[in-house]
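Here come two complexes built around chain A, the first alongside chain B, the second alongside chain C.
Coming up: the complex of A and B.
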C-alpha cells in the first residue's frame, strides 16, 4: 500500500509527460491516457477496500518526519472521494474520444495529457497531509484547468477565462497569506500537527484562521457570495472539459473545507457555514431557474449543490459530515453525467439554447433516459443516489434541530426538480424547431459517447444500490474526521 | 517580525489589490505580481527572526534562520512566475481578438438581466 499511494499522484503526471511526447501518435497517446486513468481508478478502489479493512495508510515521502517533510495520508474520506473522482475522469476520457468526430471537440492531443495532469493534482489534493502541498495541488489543478478552458482561444473562452483565472489566482494568493498566518502562529503546516496546535491558540486567532480559510476554500468551491466566476466560465468550454470541471474542481474546494475545518475543530464557525450553505443553495437554484441554456442551468446547479455539502459540514455532527461525504461521492459522477448529456444535446442541435431545441425524446429516446436518471438523482427523487445523500443530510439536520436549513434544503430540492423539468420540456418534448434535422455527429461517435455516459450512469446507480455499505463507510469517515486525534496519532507515529 | 517587513507587506498588498480591481488585464497582472511579493514576504516573516543562512556546517543550530518558510516561499515564487506568464499570454490573445485587454462582463448574464419579466 505504501507504494500505491504516491503512485496515484506520480503515475498520472509521468503518463502526462509520455502522452505529450507521443501526441502526434494518436493511438499510442490514447492508450497511455486510458490505461493510466483506468489504473488510477483501480488503485483508488484497492485503496478504499484496504483502508476500510485495516485503517489509514501514511506515507512519509523521503522518510522525513512530518514536522519537516511531506506526508501523504490516505484515510477513508480521501480514498472514497478519490475513487469517485478518478472513475469519473475515466468515463469522461472515453466520452471525449467519441466526441472527437464532432464539431464541438476539444483538441485531442492536449485534452488527454491535461486530464492526466488534472488527475494527478486531484489525487495529490485528496491524499496530502499538509497544507502547503495542498496549495501546490490546487495550483496543479488550476493550471491544467486554465489551459483546458482557454486552449482553443475562441473569444468567449478567452473572455470568461480571464475572469476565471483572475478569481482563482486571487484565492490562491489569499491561500499563501493564510499559510503564512498558520506558520507564524503554529510553526507547522502539517495537518496532523495543526490539529493538535490550533486548538491551543487564543480563540481570536483560531476564528481568524478558520474564517480566512473558509474564504479561500469557499472561493474555490463557489460558495455564496464568491460564486460568480463559475456560471460565466464553465459553459464556454467544450463539453468534456466542462464536465470534468463540474465534477471535480469545486469539489476539491469542498473537500479541503471539510478536511481543514474538522481537523482544526472549527465548530464555532458552524452557524456561519450554515448561513452560507443556505444562501448558496437558494441563490444557485434561483439562478438556474432564470437561465435559458442547458449548460448554464447545470452550471448554476453546481453552486446550489455545493450548499448541501456545506450544510453537512456546518452541522458539525457525525451524521451531518457523513451526509456531506456521501453527497460528495454521489455528486461527482452525477453532475459530470448531466454535463455529458448536455454536450450530446449540443451535438444534436448545434446549440444548448432551450429555445432552439425540442422533440428530442421521439428521435433519441436513449438520450432521454440518459438525462432523466441523473436529473432525478440530482433533484433527490427515490430510488436514485441523490435521494440517499439528501435524506441523510436532512435527517442529520433534524437531529441537530436546525429546522431552518432543513426547510431551505427541501424547498431547493423542489426548485431543482422544477428546473430539470424545464430542460425536459424544452429539449425532449415539443416539436423540433428545425424544419429538417441535420445529423451533426456520426453514429460511431454517438455510440462511444452514449456508452461512456451509460457506464457512468451504472456507476451512479451503484452508489444507490451500495448505499448501505457506503453510508457505513461515510459514517466511519465522519467519525474519524470529527475526532482528529486518531488521525494525528496515525500520522505522527 | 520587524516593522519594516510589516510596512512592506501592507504597502504591497494595498497597491496590488487596488490594481487588480481595474479592468485592464495588464494592470491586473502587475497587481498580482505585487500581491505575490507581499505573500512571499509574509511567508518569510512567518519563520521568525532573521539569522545565519541555513547551510550545513556553516553555523550553529541556535543562530540559523528557519529554512522551512524559505523553501515554501521559493515554491510560491516559481508558481506565481509561471502564472504571470500565462496571464500575459491571455492578455495578448484578448488583445488580438478584441483590440484591447479589458476583462468583460458575462454576456449571457447581461442579456437575462435586461429581459422584461413576463
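Coming up: the complex of A and C.
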C-alpha cells in the first residue's frame, strides 16, 4: 500500500510524459493513456477496499517526519472520492476516442497527455497531507486545464478562458497568502499538525483563517457569489473537456473545503457556510432555468449542486458531512455523464441550442435513456444515486433542525427537475426542426461514445445499488473527519 | 523581431549567453543547501533561450520531448528507491574526496533537479514556440 499511494500520483504524470513523447503515434499514445487511467482507477478501488478494512495509509515521502517533509494520507474520504474521480476520467477517455471521428473532437495529441497530468494533479489534491502540496496540486490541475480549455483557439474559448484564468489565478494568489498566514500563526502547513495547533489559536485568528480559506476554496468550487467564471467558460470547451471539468475541478475545491474546515474544527463557520450553500443552490438553479442551451443549463446545475455539498459541510454533524461525502461520490460521475450526453446531442444537431433541436427520442431512443437516467438521478428521484445522497442530506438537515436550508434544498430539487424537463421537451420530444437530418458522425464513433456513456451509467446505478455499504463508508469517513485526533495520531505516529 | 536591424543586439546576446548559463549552473548546484535549485536554474536557462530567440537565434530542441524527458527523469528518481525497498522520493547521498575540490557530496536529488530544469526549459521553449508568428495560426472565424 505504501507504494500504491504515491504511484497513483506519479504514475499518471510518468504516463503523461510517455504519451507526450509518443503523441504522433496515435495508437501507442491512446494505449498508454487508457492503460494508465484503467490502472489508476483499479488502484483507487484497491485503496478503498484496503482502507475500509485496515484503516488509513500514511506515506512519508523520502522518509521525512511530517514536521519537515511531505506526507500522503489516504483515508476513507480521500480514497472514495479518488475512486469516483478516476473511474469517471477513464469513461471520458473512451468517449473522447469515439468522439475523435466527429467535428467536435478536441485535439487528440494534446488531450491524452493533459488528461493524465490532470488526473495526477487530482490524485495529489485528494491524497496530500499538507496544504502547500495541495497548492501545488491545484496549480498542476489549473495549468493543464488552461490548455485543455483554450487549445482549439476559437475566439469564444479564448475570451471566456480569460475569465477562467483570471478568476483562478486570483484564488491561487489568495491561497498563497493564506498559506503564509497559516505558517506565520502555527509554524506548519501539515494538516495533521494544523488540526492540533489551529484550535489553540485565538478565536479571532481561527475565524480569520477559516474565512480566508473558505473564500479560496469557495472560488475554486464556484460557490456563491464567485461562480460566474464557470458557466461562462465551461460550455465553450470541447465536450470531453467540459465533462471532465464538470466532474472534477469544482469538486476538488469542495473536497479541500471539507478537508480543511473539518480538520481545523471550524464549526463556528457553520451558519455562514449554510447561507452560502443556500444562495449557491438557488442562484445555480435559477440560472439554469433561464438558459436555453443544453451545455449552459448543465453548467449552471454544477453550481447548484455545489450548494448541496456545502450544505452537508455547513451542518457540521456526522450525518451532514457523510451526506456531503456521498453526494460528492455520486455527483462526479453523474454530472460528467450528463455532459457526455450533451455532447452527443450537439453531435446530432450541430448545436446544443434547445430551439434548434427536437424529436430525438423517436430517432435515438437509447440516447433518450442515457439522458433520462442521470437527469433523474441529478434531480434526486428514487431509485437513483442522487436520491440516496439528497435524502441523507435532507435527513441530516432535519436532525440538525436547520429548517430553512432543508426547505431551500427541496425547492431547488424541484426546480432542478423542471430544468431537466426543459431539456427533455426541447431536445427529445416535439418535431425535428431540420428538413432532413444529416449524419454528422459515423455509426462506429457513435457506438463507442454510447457504450462509454452506457458503461458509466451502469457505474452510477451501482452507487444506488451499493448505497448501503457506501453510506456506511461515508459515515465512517465523516466520523473521522469530524474527530481529527484520529487522523493526527495516524499521521504523526 | 530585431534581428535584421541590430547586429549589436545579436552580438550582445551571444556574449551574454555563457555567463548567464554560468549563473544558471551556480543556482543549480547552490540549490542543494541554499536558495536556488533546478527550478530557478531552469528559469535562467529558459530566459537565455528566450533572449536568443529575440535576436533570431532559434533552438532546434522539440519542447514536448524535452518536457517528456524531464518528467521521466523526475518520476524515475522518485520511484527508484522503491526498487531498493525504500519509500518513494528517498534519496541516496555519496561523498568522496577529490584532489582539488576537497570533500564532494553528491545526492540523487541532483538528478531529480536535472529533470525539473528540463521541464522548465521545455515549457519556456513551448511558450515561445506558441507565441512565435511562424507557428501561430489565425483564429478560426466566428465560432464560439
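Note that in this section the second predicted complex is superposed on the first by the 493 of 493 C-alpha atoms of A that agree within 3 Å, B and C clash if a C-alpha of one lies under 4 Å from a C-alpha of the other, contacts with A are read in each partner's own complex, and residues count from 1 in each chain.
Everything that follows uses one rule, which is that contacts are C-beta pairs under 8 Å (C-beta built on N, C-alpha and C of every residue); 3 or more make two chains touch, one makes a residue touch a chain.
Bear in mind that the values here come from a model prediction, so they are computed numbers and not experimental data.
*Asks:* So, A:61: does it touch chain B (first), chain C (second), both, or neither?
*Replies:* second
*Asks:* Under the stated touch criterion, which partner chain does A:443 make contact with: chain B (first), chain C (second), both, or neither?
*Replies:* neither
*Asks:* Can A:14 be said to touch chain B (first), chain C (second), both, or neither?
*Replies:* Touch partner of A:14: chain C, not chain B.
*Asks:* State whether A:179 touches chain B only (first), chain C only (second), both chains, or neither.
*Replies:* The first partner, chain B, only.
*Asks:* Using the superposition on chain A described above, determine whether A:155 touches chain B (first), chain C (second), both, or neither.
*Replies:* In the superposed model, A:155 contacts both chain B and chain C.
*Asks:* Residues of chain A touched: more by chain B or chain C?
*Replies:* Partner with more touched residues of chain A: B.
*Asks:* With both complexes superposed on chain A, which partner does A:132 reach: first (chain B), second (chain C), both or neither?
*Replies:* first
*Asks:* Return first, second, both or neither, reflecting whether A:2 touches chain B, chain C, both chains, or no partner chain.
*Replies:* In the superposition, A:2 contacts chain C only.
*Asks:* Could you list which residues of chain A make contact with chain B in one structure and with chain C in the other?
*Replies:* Common interface on chain A, chain B vs chain C: 153, 155-156, 158-159.
*Asks:* Within their complex, state which residues of chain B touch chain A.
*Replies:* That would be residues 1, 20, 25, 28, 32, 35-36, 38-40, 42-43, 45-47, 68-69, 72, 75-76, 79, 82-83, 86-87, 90-91, 93-94, 97-98, 103-104, 106-109, 112 of chain B.
*Asks:* Where on chain A does chain B make contact in their complex?
*Replies:* Touch list, chain A to chain B: 68, 132, 135-136, 139, 143, 146-147, 150, 153, 155-156, 158-163, 165-166, 169-170, 172-173, 176-177, 179-181, 183-184, 189, 228, 231-232, 235, 290-293, 296.
*Asks:* Quick check on the complex: what are the chain A residues that touch chain C?
*Replies:* Within the complex, chain A contacts chain C at residues 2-3, 6-7, 10, 13-14, 16-18, 20-21, 23, 59-63, 70, 152-159, 236.
*Asks:* Using the touch definition up top, name the residues of chain C that touch chain A in the complex.
*Replies:* 64-65, 67-72, 74-76, 78-79, 82, 86-91, 137, 139-140, 142-144
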